[in-house]
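Paired with chain B in one complex and with chain C in the other, chain A is shared by the two complexes that follow.
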Partner chain A sequence: MNSSPPKPVLTAESLTVDRGGHQVLSGVEFSIAQGEIFALLGGNGAGKSTTLLTFLGFVTPTSGVARVNGQSVHEDIKAIHKQVAYLPEAANLYPHLNARENLDYFLSLAKADNSRARIDSALDMVGLAASARDRRLEAYSKGMRQKVGIALAILRDAPILLLDEPTSGLDPVAIDEFNSLVVALAGEGTTVLMVTHDVYGACQVARHIGLLQKGQMVGDFRASAGNPISADEVHRKFTESHL
Partner chain B sequence: MGNLALEVRYALRERVVIASLVLAFAMASYAVITGKLEVDEQRSEISTLVRETESDQDHVLGQQPDAGGAAYYVHHVTYQPPSALAFAALGSRGELPWQHRVRMLALEGQIYETDAGNPALSRLGRLDFAFLTSVLLPLILILLLYDLDGRERRDGRYELLSATSASKGSPFFVKAGARTLLLFAASATPFAVMAAFVSAPLGPSLVVAAVVALHLCFWLVICRLVAVRFTQASSSATVLLAGWLLFSMAVPAAARIVVESSVPVPAGGELLLAQREAVNDAWDLPKADTMEPFVASHPEWRDHAEVTQPFEWKWYYAFQQMGDEFVASESAQLRAGITRRDNLMGVAALLSPPLATERWLTRLAATDRAHHQRYIQCVRGFHAALREFHYPMLFGASEYSPEKMAGLPKYQPCDE
Partner chain C sequence: MMDKAAVVRIAREEWRFWLRSRTAVAAAAVVFILVITSLVSTAIRIETEREARLQLQAIAEETFRSQPARHPHRMIHYGHYVFRAPAPLATADPGVDPYTGTVMFLEGHKQNSATFSPRYTQADAGPYAFLSPALTYQLLVPLLLIVVGFACLARERETRTDQLVFTMAVNPGSFWLGKSLALAALAFATLVPLGFVAGNAWLQGENGWIALTFWLGYAVYLLCWVFLITACSVWSKRASTSLLALLACWMVLNVLLPRIASSAADAWAPLAGKVQSDLEIARELRDVGDGHNANDPSFAKLRAQLLAQYDVSSVEELPINFRGVVAEAAEEELTETLNRFADRRFDQELAQAELANAFSLLSPYLALKSFSITTASTNIGQHHLFLRSAEALRFSFVQSLNKVHAEVLTYADDVNRSVDQQSEQRTRVDAHHWRVLEDFDWEPASVSDRLSGSLPFFGMLLMWALAASILGWIGTSRGAWSQDG
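And now, the complex of A and B:
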């Protein structure tokens, strides 16, 4: 076993971002190691999605830098995109295509393996009913659409996952399945940055939680050996910061 | 390339894409079929004319006692046969006469007489393949492309698409390219089928397809430039429609106005009247007023030019020819003016790809101004040959006999 600290894969160095004339991130700092699950919590409009978009290079910081494996995101966005699988906030895939076609399309776009067997095994993993797979997404419930989005993120086989509210719309069983899936992926070395509103779910899977409020990091929680992060503590801090 | 195939495959799953392709295919089919019918009709009109004129000639020639009557009563048909590709671009065949029945009389008037109206003209509303591809097709492309990015943004797929795409270029450019390619295929297929059906030459047919493809590429680039600048669907649609109006309507119309006002051209009708007057006046003038200038420009007839009777055919034909010479400079001006205007419109086409497309297609179909001018020159050449044939008999340098009329020149189209 290697005892040196794992190298950081995602780093936010005093990220400051303006959008629409307002400062929406102010000096945000965090660092996520390889194989770590980092959950970013915060109220509506706190800047969570903006943080993900900054790591994808779609939002340019006014100061500070977002790094992936030490390299500034804005130096070579395409190179970053190759290492990252992104699940957008509203995982709107194409409504006129069915689940398999959507996955086939996006995987081909990513030049990733789009074999039917692989696609079906991912859809099994996220628990999308086999009978639904050949139906157009316009006939899906929100949760079913979300499952297809998660399947896509997994199928990308990327070393880094940027997930924006992956569990929104999922039923409790699906949330549990998702949580164990993410933990398993992290166990294999995948680095996960996950935005969520679900404090208890975050504490179950994440070894590291950041609390964002009005663009500022107001809380930083880490699990200690053997002890998960206390959901009550996070919840208290969350509520306090909103007072 | 792989991505293009992917985008083509999935674009075909979109209802708006299918509807646009069906529309383009239907319009292109309509255009090439009606174009073919029109050309067929012109061809059969030509062969009827040729047949009728020949039997008419046989009938008339048998009854002529002298060279003057043989030259006077016979009509000749001249025509510009449609090229194999004319079905795709009717061009001048839809607006200018492509056949003239001529006699040995003064020619210029006979050429410009029909300018006023040709019975076969503008039978169809001019939705030919050239008009479709130069003016209407860009509209369909705009419809397909104006909201390509906007819709993905609104639906929250923009970032996912950009972040997922593993190729260097923008995935939206490939999406737009795929739609452009499909639209090209939908409109070029009916053309290709018709070109094969009428055995049009392969090279020019391929160039037609290339011109259409190039024109669509121009609009593809315009659509991408606008889509990148204007992310709102309504503003990108407005800008693109304004661009379409500018390139396919405003620039050609303005160019036409500027060119026509800066290059004055004598009207064909005026030329006709001037010639008629000159010919009519000759009746009342002393014969020498016609014959002296005639032998001055045609010295080969000097020894045969004496006119002693009140009416002699050679005098009659001499003043017909002098009528042509009377308006020769106007006629030359008219020709030069038409050519100059046409050349200037060619320069203006550099500012308007739709105009350039239309011009290229009519050129490939031999239905442009230059080909029409060549046809008119061909008529002049034929008429000169008629004079050359008749004059020795009219001027008494050789004896007239009805049998000699077997050697009467027959019109042959000059080019194509």
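And now, the complex of A and C:
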């Protein structure tokens, strides 16, 4: 029996981005299959967030194409956004609203179920204390805001998750819970593109890791059956590429 | 495609942001207090003035008509007052009224300038007397909208919350429109008190269409600012840049251009000074005979004509009083000269106003200002109408009294009136003749004239609103939010 390879959900084809006369991405290529967790690793300024923003349509590539389910991102940006849930690095939510109000607002814009029970269930899932839910986000720590952002990404029920430094600011327990959650979602078929500079965290959850250095892919790691990606190997490559 | 539900929700959230922001609430509270204060104080002042002027007008008419028997020419010099009652919408926009005078003394041989009733001068001289409701809406409400709305989109861009909004499949056009709707709702909230004033003007006899158009003009003006603010916010990468750009816009459109317009109009269509005009008038009037002197050579031709017409050899034989006829003829000639100067002055003032109005294309503030005073009947054209009405009344009563002089008094009694008391008594005509004085029916320009006069300015306001909205729309559609720029 022939088993054809799974159709890629997210594809970067020779993605090149110039910004302000500076090349931020240079011929980046990767593809992510449905239900796969792909971690894009790299140091500061490597071009990780730019890659994510290109898939969101907020950055136009100078050349190359970012595709979602075979469709170029810039062809129908609204259609792409309907399939994608995005968690920005700083969980850019509204500080004047509390957790519930933030989620209610964004979900209503996305025309998703914004019932209080559903929102509370997601907040339970990310471990945000009930007593904090009616406090405005301006009084939250970075980790608490991140949890609300993660809750929003979950509540979108989107088939694709784009996560920018998702564990930034989270305590170790919350990081473990988050990692388990992402793995579970991938198990249900959600495709995850996660950018991070946390090598060990990435190796815990991702089955596929790309290493980005000064806008170029300098490493590609895949987990083999039953064996996770070696964090030491990735770390060594990461360090070498910075020398 | 516009997502109406998303637009409304974005607008609602913006309101929630403002209500939770002390700066926005404080700014709105201050402006609302100013709007209400200026409306109430101006309404009270204008209403008091209206009642007083109508009352004074009635008193002046009654006083004139109840004068005892006198020589008719004495009544010409006794004179009469006319008062300009403010138009109903003057409570919202007094226009040129505070600068042009509202009371005129009418007498023979003179066209006096309109002056102010001393009783109200003190009230008008307060430090904030200039702060009419119109000025509050024209200058301060846009500032409130700027303070509240400058960051509505730039803030989202700065904090990157806009990206999260767009990933909810909201298009930038809906986002911009939602913010514009929120700001427009605030603008319309400030217009509620003006709505009451317009409604009250309608109840006081103002035409309903005029009252509605007046309110609509202000609504479109504020809409210009709403779109200008959201356009500026969408094009600015930082909220601080948006604020600076909008304050610069406000300064240029609402302060600098009006100043330039006024100076340019003054330079391109200068008005003759009062002293210069008075000297010119005096020079021309020297050629007009003295109506008090029947032997003035200027009236020799008139005398000859009358003697021939009645086939008599001396004025004493005429069936009419030659002195009255001379007074009538002199007044007519004098009035013709004075009217010529008045017309020239009116033309100059209108030319100046038209030059200043041309700048309305460059500034929505100037467009609204012209629209407002035209609709409210408080522009220079209306003042001219008042002056013409007053002059028509003056000429009418002076000539009617001259006619009484010519037809009721005999020439012999008239020339001998200073001989003794009995002679003097004979030159007094009965008081019922003072009823020649007509009521002063000062009516503002017709509804159609006011509507057609204000239409170009309304069009300019619409053009500004449209241009600003296109600017904002281009900002959203060309992806001003993308990280490319």
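The criterion applied here is as follows: the second predicted complex is superposed on the first by the 240 of 243 C-alpha atoms of A that agree within 3 Å, B and C clash if a C-alpha of one lies under 4 Å from a C-alpha of the other, contacts with A are read in each partner's own complex, and residues count from 1 in each chain.
Just so it is clear, a contact is a pair of C-beta atoms (placed from the backbone, for glycine too) under 8 Å apart; a residue touches a chain by one contact, two chains touch by 3 or more.
What you see is a predicted model; the values in this text were computed from it and never measured.
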With both structures lined up on chain A, is it a clash or a fit for chain B and chain C? clash
Check the residue A:T60 against both partner chains and state whether it touches chain B (first), chain C (second), both, or neither. second
What is the contact status of A:R19 with respect to chain B (first) and chain C (second): first, second, both, or neither? second
Have a look at where A:L170 lands relative to chain B and chain C in the superposition and call it first, second, both or neither. neither
For A:V195 in the superposed arrangement: first (chain B), second (chain C), both or neither? neither
Which of chain B and chain C A:V9 touches, first, second, both or neither: neither
Superposition clash, chain B versus chain C, among 297-305, 315-323 or 387-395: 315-323
Quick check on the output: what are the common chain A residues between the chain B footprint and the chain C footprint? 53, 56, 58, 78, 81-82, 84, 86, 88, 90, 92-94, 96-97, 101, 105-106, 108-111
For a test of understanding, state which residues of chain B touch chain A in their complex under the given definition. 2-3, 6, 10, 13-15, 155-157, 159-168, 171
Taking the touch rule as given, give the residues of chain A at its contact with chain C in the complex, in rising order. 19, 50, 53, 56-60, 77-78, 81-82, 84-86, 88, 90, 92-94, 96-97, 101, 105-111, 152
Counting only contacts in the complex, chain C reaches chain A at residues 5-6, 9-10, 13, 16-17, 20-21, 159-161, 163-171, 481-484
Residue set of chain A touching chain B in the complex reads 53, 56, 58, 78, 81-82, 84, 86, 88-94, 96-97, 101, 105-106, 108-112, 156
